[in-house]
Amino acid sequence: MKDNVVTVEFIAIAENERFARMVAAAFVVPFDPTVEEITEIKTAVSEAVSNSVIHAYNSSGEGTIKLEMRSTEKGTITIIVEDYGIGIDDIEAARAPMFTTSALEERSGMGFTIMESFTDKLIVESEKEKGTRVTLVKMLDISCGL
Amino acid sequence: MKDNVVTVEFIAIAENERFARMVAAAFVVPFDPTVEEITEIKTAVSEAVSNSVIHAYNSSGEGTIKLEMRSTEKGTITIIVEDYGIGIDDIEAARAPMFTTSALEERSGMGFTIMESFTDKLIVESEKEKGTRVTLVKMLDISCGL
Amino acid sequence: MQIEFEMSDDIITAILTGELDHHSALSIREDIDHAMQVYRAKNLILDFSSVSFADSSGIGMIMGRYKKVKEKDGCMMLCGCSVYMKRIFEMAGIFTIIEETEERGEAMRQLKERGEENER
Amino acid sequence: MQIEFEMSDDIITAILTGELDHHSALSIREDIDHAMQVYRAKNLILDFSSVSFADSSGIGMIMGRYKKVKEKDGCMMLCGCSVYMKRIFEMAGIFTIIEETEERGEAMRQLKERGEENER
């Protein structure tokens, strides 16, 4: 299969968290991933998209989230979750386990930690009042061949 | 659930036919559709996207296909499949059962007929050398409530 | 989409598994044509009981195989079509020219009977 | 996500079915808090055996319920966590403060034993 690229844009409502992870799962289907790989990708995407819904747009239900997914023949999956919300002040602090600005809403502060643990690479870029872009890279084990 | 809108853009490779129908299925999940409704939507989307891959871009694997999906609270699903390919000369002729310009490639000419039969409304707009836009409208039976 | 073949006398059965669309039909039709040639089979059964999705590409694939089978004076049967596949195939009038059964065993039995009739 | 409750003495069991994310956690936590109040239950078992997906919103939901149960001097247990849920919950150190069993019956047994110990 040749390199593939897909972009998905949707409104930042909580209902679309599930849609986003189903789309991510659908994107990797041609690589015949393991249940473990699918679960890791779905979980990481769910974390990133939830963050945009909750933090970037303050759970207002307004705003747009963009999902860009790329795959190479070798099974490297790159998923970018982008929002145009409030942005992150201190990225390093935000990435630390247990750090959250929404403890009252029962957030655990484990989102970035899980994204990091479930992918091969996590890049977080953000600008105050401009938005946030989270890049998740996952190397699928396609040794069994396509 | 409030009105939702999602746009998906992908390259016109045959592998993405399956991706497109999985995305369409994922989009309607919150409405708890019947197996019949899901199958009809997946089939109609599959026909429209295959047409763009095969006819609009001559199976070249080049070009972009855009999928726009909207839902209303009442369960009206509108799916627009758009390409920027060669366009359709005579839309009326193209929509007739058994009409195909690709008989050698074992096309049956039943794509539009199936789209029409599996949805509540089918609109085909096209301009030569500009592209084609197929609008599929499906009213889900959500009487059982969300 | 996966495909498996079973031979019995001059009948080849192609057992399809997965989703049958334009993309998968491209390779499936080559696999079937190749298998028919290699095994010098005259008659064909397509078993759809493990096909979870099919669109109009399935119609094209079936009609294409039907033409090739007829060229060799063979017979063709379908089995295991889901209710959705039947709806699609019916729209194209497939069942007016190709017969269909629920079970593969029944399709096999009918094809063998016809073969014996022809020999008489 | 669906939720069902079962009462036994002062133990309430919440049986969750479906996908546990930020969206579904919003209503699930209200349902559980409401049920605990209505049934005046002190102790809580969360049964995850029919949960097909969970992300960090699950951690927040569990920790939130744990705080409420502790306020009433109650006990809480989890059961039926998949290997993926365990990975997530372990990262947050949940199992260092809340015990977990495979089976719901076993969780029930352990909670009842503790209750009897407390009465002595």
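For reference, chains read A, B, C and D in written order, and residue numbers begin at 1 within each chain.
Following the convention adopted for this analysis, contacts are C-beta pairs under 8 Å (C-beta built on N, C-alpha and C of every residue); 3 or more make two chains touch, one makes a residue touch a chain.
Remember, predicted model here, so these are calculated numbers, not experimental data.
With contact taken as defined at the outset, chain B and chain D are each touched by A.
Using the mean of the Cα atoms as each chain's centre, the chain most removed from chain A is C.
Rounded to whole angstrom units, the spacing between the C-alpha centres of chain A and chain C is 44. Chain geometry summary: the mean Cα position of chain A and that of chain B are 27 Å apart.
Centres computed as Cα averages put chain C at a distance of 53 Å from chain D. The multi-chain contact residues of chain C, meaning those touching 2 or more other chains, do not exist; every residue touches at most one other chain. Counting partners per residue, chain A has 15, 18 as the residues that reach two or more other chains.
Here the touching chains pair up as A-B, A-D, B-C.
Contact residues of chain A toward chain B in the complex are 1-2, 4-11, 13, 15-16, 18-19, 22-23, 26-27, 29-30, 61. Chain B meets chain C in the complex at residues 14-15, 17-18, 21, 36, 39, 42-43, 46-47, 50, 53-54, 97-98, 105-108, 110-111, 113-114, 117. Touching chain B in their complex are the following residues of chain C: 19, 21-23, 25-26, 29, 53, 55-57, 59-61, 63-64, 84, 87-88, 91-92.
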